[in-house]
Amino acid sequence: MEQNVVLEMRDISKNFTGVRALSHVDFTLRKGEIHALMGENGAGKSTLIKVLTGVHEFESGTIHMAGNSNAIINHSPQEAQANGISTVYQEVNLCPNLTVAENLFIGREPRKMGMIDWKQMNERSGKLLESLDIHVPPTQMLDECSIAIQQMIAIARAVDMKCQVLILDEPTSSLDDDEVEKLFVLMRRLRDEGVGIIFVTHFLEQVYAVCDRITVLRNGELVGEYETKDLPRVMLVAKMMGKDFDDLADIKGDHKDKRITDAEPVIEAKGLSHKGTIKPFDITINKGEVIGLTGLLGSGRSELVRAIYGADKADTGTLKVKGKEVKINTPLDAMKLGMAYLPEDRKAEGIIADLSVRENIIIALQAKRGMFHPLSKKEMEDAADKYIKLLQIKTASRETPIKSLSGGNQQKVILGRWLLTNPDYLILDEPTRGIDIGTKTEIQKLVLDLADQGMAVTFISSEVEEMLRTCSRMAVLRDGQKVGELEEDELSQSGVMKAIAGGDDK
Amino acid sequence: MNKSKLKKITSARLFLPIVCLIAVLLLNVIRTPDFFNVSIRNGVLYGYIVDVINRASELVILAIGMTLVTAASGGQDISVGAIMAVAAAVCCQILSGGQVSVNDYQNPVILAVIAALLASALCGAFNGFLVSKLNIQPMVATLILYTAGRGIAQLITNGQITYIRVDSFKMAGGYIGKCPIPTPIFFAIITVVIVYLILKKTALGLYIESVGINGKAARLVGLNSTMIKFLTYVICGVLAGIAGIVASSRIYSADANNIGLNLEMDAILAVALGGNFLGGGKFSLIGSVIGAYTIQALTTTLYAMNVKADQLPVYKAIVVVIIVTLQSDVFKKYIANLKAKRSVAAEGGQK
Amino acid sequence: VGVAAADDTITVGFSQVGAESDWRTANTESMKSTFSEENGYELIFDDAQQKQENQLTAIRNFIQQEVDYILLAPVTETGWDTVLQEAKDADIPVIIVDRMVDVSDDSLYTTWIGTDSLLEGRKAAEWLNAYTTAKGIDAKDVNIVDIQGTIGSTAQIGRSKGLEEGVDNYGWNLLAQQSGEFTQAKGQEVMESMLKQYDNINVVYCENDNEAFGAIDAIEAAGKTVGSDIANGEIMVMSFDTTNAGLTDTLAGKIACDVECNPLHGPRAEELIKALEAGEEVEKLNYVDEEIFATDDTVDKVKAVNSLDEEGEYDVTPITQEIIDGRAY
Amino acid sequence: MKANVQKKKITGNGFLLLITIALFVVMYVAGMIVFADKGFAKPQMFLNLFVSNAGLLVIACGLTIVMITGGIDISVGSVTALVCMVLADLMENKGVNAYAAVLVALLIGVAFGIVQGFLVAYLDIQPFIVTLAGMFFGRGLTAIISTDMISIKNELFLKWANYRFYMPFGSTSKKGKFIPAYIPPTVLIALIVVILIAVLLKYRKFGRKLYAIGGSRQSALMMGLNVKKTIFNAYVLDGFLAGLGGFLFCLNSCAGFVEQAKGLEMDAISSAVIGGTLLSGGVGTPIGTLFGVLIKGTISSLITTQGTLSSWWTRIILSALLCFFIVIQSVVASMKKKAK
C-alpha cells in the first residue's frame, strides 16, 4: 500500500437477488483528500459505501486500511466505526424518539462515574451545533426537526467522531447553498487535518468546488479514477452516462415563447394558513405555469403547499380551484380536484417500502378511482412499464420492492405515481433530490412539457439555478410568511438571492 | 431448466408454511400409521385427518380476520375469543328466549344469527374505533374487550349455559342432512373464498398493505387510513362472530366462559406460521390458513400420541420454535451460504 | 348504606373464585340470596376471576374494611398462610368454602364447608365396581378412558384419584387419561381422538357433566351407542356435578351414573355464622351432603371412604323426572 | 438563543406521564372520598397496592425494557408459574434450602431470557411468537414438574414472606385499636428494582441504546450501535426480572401450581402501556410503569371495596374503567399534539 493511502478497496463485487450492483470495483482513498464518488442513479455508489461499512456483505474483493497490514472486513457499522470510518448514509438514519443531543452522542455519551453526564452532553451538543450554525436546542426531539436540520445533525454526528475516513453519501441533497457552503468549510478543514473524505453528490458544481479526485461508477462497474483538474465537466458527465451530454443546454429557451398569455387560474388561495407552520398567504397559480417557491431552510415552502393540498388541513382562508370555491379536508379531496403532491421526505412520506415498484406507481390512481374499481392486472403493468421507461427507472423488474431501488430511482417512481394520475395541478417538493444530472434535466424538461400541455406546476427546490431554469414566476417565503413574488426580469440568481435574504424590498 | 423451476417453487412465499404443514402431517404417519385413513362411518367421513380439518375451522376463520387486522394496523386483536363468546351468547339467548334449555326455537334463527353478527360487528367497530380513531395500540385497545367480552356474554346469558337442543341448530357445527362432510369445513372454505374474492376483486388488499406499511404515505396518496383500519377490525369482528356461532352450534349451547378460550393466541400464531410479519404490511391470506391447519394438525397429532393436555404446550412450543426458525431469514441465509460453499468446494474438486 | 346499616347487621366479605361454570354461578347465587340485606347481612362480594393473587388482595381489602366474617372460596388449596394470619391478627373469623386450604396451622381458619371431591371419585369408582360385579362383567373386560378436568384443580385431583384407586383395587384397564378442561367442546375433541385410538372403550369416566355431553356427542357421531349395556357393545358414560342437563341425560340413559357436587353452600354458611355469633363451638370440617344418581337401580348403595378416612354408606338414587323438577339447580 | 436552550420544555412523553400521574391521583382521592367509611382512606389500603403487586411491578419493569426496544414478552406469566413451582418443588419435595432454591428460580428466569433473547436478537424471529412459545413452554414445564398444588412450608422462606416493616403511621380500627401500617420486604425489593432500572435507562449507555433501537432499529444499526447484542441483553435482563418477579410473587402466595399467574402477562403489558410505554418501541419509563401498576391496582381495589357487583359486572366495569382511562390518555395526548 502506498504511503499516503488510507483506504484501498480492490475488486469488490456485490450481488443482490437479480441485480449485479458492483462488479470488480477498485477504489483508493488518500490521506487528506476529498474524493468524489460519481455515477448515475443506481450506479452502485451507496452500495459501495454500505459494503465498506459492513451494512452489506460482499461476495469478493479485499479492503485494506492504513495502519493495518491485513485485509479487513467490517461486519457491521460498529466495526467500521471502530476502524475509523465515520459515515453519513444517503437516507437520514437517526432516531426520531431521541433528542438532538442524544442523536449526536449515542454510543459515545460523555460519562461521569459510569453515568451519562447529560449536562455535559447537552453543552457539547450545543457547541457542536453552533459551530455548524445549526439553530436547534439540543434538547429538542429529533422528529420535531425538519429534514434539512436532520441531515445537518447526521453530518455533525459523523464529523464529530474522530476518524480516518469520513463518508458523506449525498449529504447536500436537502441543504441550501448557505448550508452547503458551511459544510464545505468543514470538509476542507478536516481534509487539512488529514482525514480522507468520500463525497457522493449529483451536483457537479459542488464536485468542482471541493473535490481533489473523482471516481466514476457506471452500472456497477468502475469507469475510472481522475484528478478533478484533469477532467472537465462535459467529460465527467460523458463518463458517468457513457455518452456525450450537454447539461448546460438552455432547456427553457424553446419553451418560453410558447407560453400562454391570458392567465387562467387553476388555484387561487386567499388567506390560507395552518396554525404554527404557515401564516395566512395568498397565491394564484395559472394553467400552464410553473411557479417556484423559494426561501431559506424552514421558511415554510413545504408548509405552504401542504396547506393547499390538505396534507395539513388549513385553519383559515379560502381556496378556489378552477374558479370554484372548494373545501379540502383530506388529500383525497385534493386529488379528486386534480391535484398531485410529491412530498419532500421520500422515506417517511413517499415510498411504501415493501410494495413493488408497480404497486407504488399505481397506488395514487387506484386510491383516486376508489376501492371498488380496481385496475386490472394489465392496466397496472402497462402503467408501470410506461413510467419505468419514461423516467428510465433502474429496477430489476416491476415487481421488485421499491425499498431495494437506489434512492434516486425511488424518487422517480414516486414522480411516476403522480404523473399517472394525470393531474391539473402538480406540486413538486424537491423532486430532483438525489437524482442524477442526466435525469434531472429530463425531469426539468418533463415539467416544462407538462406545463406546455396546460398543467399548473408548483416547484420547490433548494437549487436556485434549477428553479430559474424551470419557473416562470417565483414566490418568496420568509419565516413562514409569503413576502413577495418575482417575475420575468427579476428572475436571476442575484435577484432571487436578494429577495430571499430580504434586502431592499422590506 | 428443471432446477430453475425448483428454485422458483422453493423461493415462493408459501413454500415454507406448506412444507411445515406437510412435515407435521408426516410426523403422524410414523407414530399413527392410520392417520390418513378416511372411512365412512355412520354415513359421515371418519378419520383423524377429517378431525383436523373440521376442528381447525373456527381457527381458520379467526386467522383470516387476524391477518387483515395485523396487516393494516401492525397489531393484533386479542379479543376475538371473547367476541366469539358474545356472538354465541346473543345467538343462543335469542333462540332460547331467555330460558336455560329449550327444545324448540323461541325466535327465528335468522333473527338470532343476524343479531349475533351485528353484536360481533359492533365489538369489532369498538376495537376499530379505539385503534384507528383514537390511535390506541391494538393490543391494548382490544385488551378491553378481551377482559370485558366474556363478562358481557355472561351478562347476556345470565351466567348460565344456555342449551338449544334443536337438531337444526346443531347443523352448523355438525352435518347437514346426509352430507358426509362436517359443516364447519364449509364455513371455513366459504369464508376464505369470500374474503379472498373481496381482496381480489377490489383494491382493499392493496389499501390494507399500503396503510400497514406506511400510513403517512398512504394518507398522502389519498387513502383513508382511519377508515381502512376501522374496516379491518369490523371484518375481524364479524368473522369472530361467525366462528362463535359455529363453535356454539358444535356444543348446541352458549358457554360464555369457554367458547373460543385461548383461541386468539392460536390465531395470532397461525398468522405468524403462515409467514406473515406481525408488524403489519404485506400479508398472505392463504399462508395464515395453512398456519391454522398446521396448528390444529399439531394438536390432533399430540392427542393421538397420547400426550397429556397439560404437557402439550411444551411440545407445541418446541415445534413452533422449529418452524419459525426454519422460516427466519437468518436461517435461510445460513443455508444459502452453506450451499454456496459446497458448490465452490465442488467446483474446486472438479478442477 | 344509610341508617338501615345499623349495628346489628353482620358484614360478610366473600371472595369467590370466579364465574367459570354453572356450578360456580349457583354457588355464588346461594351465598348472595342467603346473606341478603333482608336477612340482616351486608355482603361484600369479590370475584377473583380465577386468580389467587386477586383473592389475596381482596382479603387484605376485607381486613381494611373490618368486616365481621370472611368467606373464602379459594382458587387453590395452597398459599394462604400469610394472608390468613393477617386476618387472624385482625380477629376476623374466616370460613373456607368449597375447596380446602392447605395451611401449616389449622387455627388460621375457623371452619370449612364444602364438597369432598376425593369422596366423589371414590363413590363413582365403587358404583362402577358394584355395577360391573352385578352384571357379571369381568374386571379385565372393563376398559376405561378418563376425561379429566382442568389439570391441577381440586375436583380433577380428587376425581382422578378416586378412579385410579379403583383401577388399582379392582384391576380395570385404564386405557388413557386426557384433560377435557371441564368443557363440552374439549370433551368432544378428546373423545373423538380416543375413539380412533381404542376400539374397545366401554366406560368413559368424565369428570364433569359438560365433558360428558361432549363425549356422548363424539361417541354417537362415531356410530356407537351410549348406554349401560356394556356387554352388548354400548359405551357407558359416568359423570359428576348433577346439573339439570346432566340429570336429564341420566334419565335418558345416556349417563349411567352421575355423582352430585352440591353448590348450595349459603344456608350452611349462615348456620355456622349464627352459631359463631352465639359463641358456640363449631365443627372444623363441614361436608355438604351429596347424592349419587343412576339411570337404573342395579346398585342401591355404595360404601366409600371420605377425605377424613371415615367410611360411610351412601344411597344411590334411580333418577326420575320428579327429582329433576324438584331440584334447585 | 441561549434562553431557548435553557427553557425546560416538557416533551410529549413527559407530559403524558404527568397526565397519567394526575389521573391516578384524582382517581385515588375520589375513591378516598366515596369509600371513606369502607376504609379506603387508610394508609394501609394504599400500601396494599404495593403489597399485592410487588411481583407484577418487577415483571412489568422487565417488560418495559423489552417494549422500549420494540419487542414484547408474553411468557412472563408462565415463567412466574414455573418459578413458583420450582421453588415449591425444590424446597418441599427435594429438601433444597431456600437460598439455593431462590438462586435456581432466578437462573430459570435468566435461562428463559437467554433462549428468547437469542431467538429474537440473533435469529431475528418475531418477539411475539418467540415469547408465545416461551409461554407455552413454561406452562407445560410447570405441569410436567407437578400437577399437584404444592404449599411452601419451608421455615426460612415463610419467615421472609411474613416479615413486616412497620411504619410510624397507621390507622385506628373500629374498636379503637391503633394498627400500624406495614410493608413486607417484597415491596422494598420491587421499589429498589424500579429505581435501579430507571437509573439504568436514563444514565447508562445500555439504556439509551434500548431507546435508540426502539426508535429506529435501522438507524441504530447505521449509527454503529451493536443492535443484536443490546436486544439480547434486554431479553436476558427481562428474563432475570421475570424470575425475580416470580420469586416476589411466590413470597406473596407461598405456593406452586399449574394455573398460577395465568394472564399475568396481560396485566404487565397493560400496566406498562398505561404508564406510557409504546408497544411500537422507543418510549417508556419504569416510573410510568409503576403508576400503570398502581392505576390498575386502584381500579381493582375500588371494585372490591364497592362489593356488590356480580361476577360479570366486575369484569365489565373493570374493563370499562380501563377503557375510560386509556381513552382519556389518548384524547389528552392528541389535544396536546394539536395545540402545538
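Order of writing sets the chain letters: A, B, C and D. Residues in each chain are counted from 1.
Definition applied: contacts are C-beta pairs under 8 Å (C-beta built on N, C-alpha and C of every residue); 3 or more make two chains touch, one makes a residue touch a chain.
To keep track of the chains, here are their UniProt names: A = ATP-binding cassette domain-containing protein; B = ABC transporter permease; D = Inner membrane ABC transporter permease protein YjfF.
Only a predicted model underlies this, so the values are computations on that prediction, with no experimental measurement involved.
At the far end from chain B, in terms of centres built from Cα atoms, lies A. Averaging C-alpha coordinates per chain places the centre of chain A 44 Å away from that of chain B. Chain C has its Cα centroid 73 Å from the Cα centroid of chain A. Between chain C and chain D the centroid-to-centroid distance comes to 35 Å (mean Cα coordinates, whole Å). Counting partners per residue, chain B has 154, 159, 308, 310 as the residues that reach two or more other chains. Multi-chain contact residues of chain D (touching two or more other chains): 143, 147, 258, 310-312, 314-315.
In summary, the structure contains touching chain pairs A-B, A-D, B-C, B-D, C-D. Partner chain D is touched in their complex by these residues of chain A: 55, 76-78, 80-81, 87, 89, 93-99, 102-103, 106-107, 109, 111, 114-116, 118, 122, 126, 135, 137-141, 157, 276. Of all residues in chain B, only 201-204, 206-207, 209-210, 213-214, 216-224, 281-282 touch chain A in the complex they form.
Residues of chain B that touch chain C in their complex: 32, 34, 41-42, 44, 46-48, 51, 55, 100-101, 154, 159-161, 163, 174, 247, 250-251, 253, 255, 257-259, 261, 300, 303-304, 306, 308-310. The residues of chain C lying in touch with chain B in their complex are 19-22, 25, 148, 151-152, 176-181, 183-186, 188-190, 192-193, 196-197, 210, 213-214, 217, 221-223, 244-245, 248.
Listed in rising order, the residues of chain A touching chain B in the complex are 311, 330-332, 335, 341, 343, 348-355, 359, 363-364, 366-375, 417.
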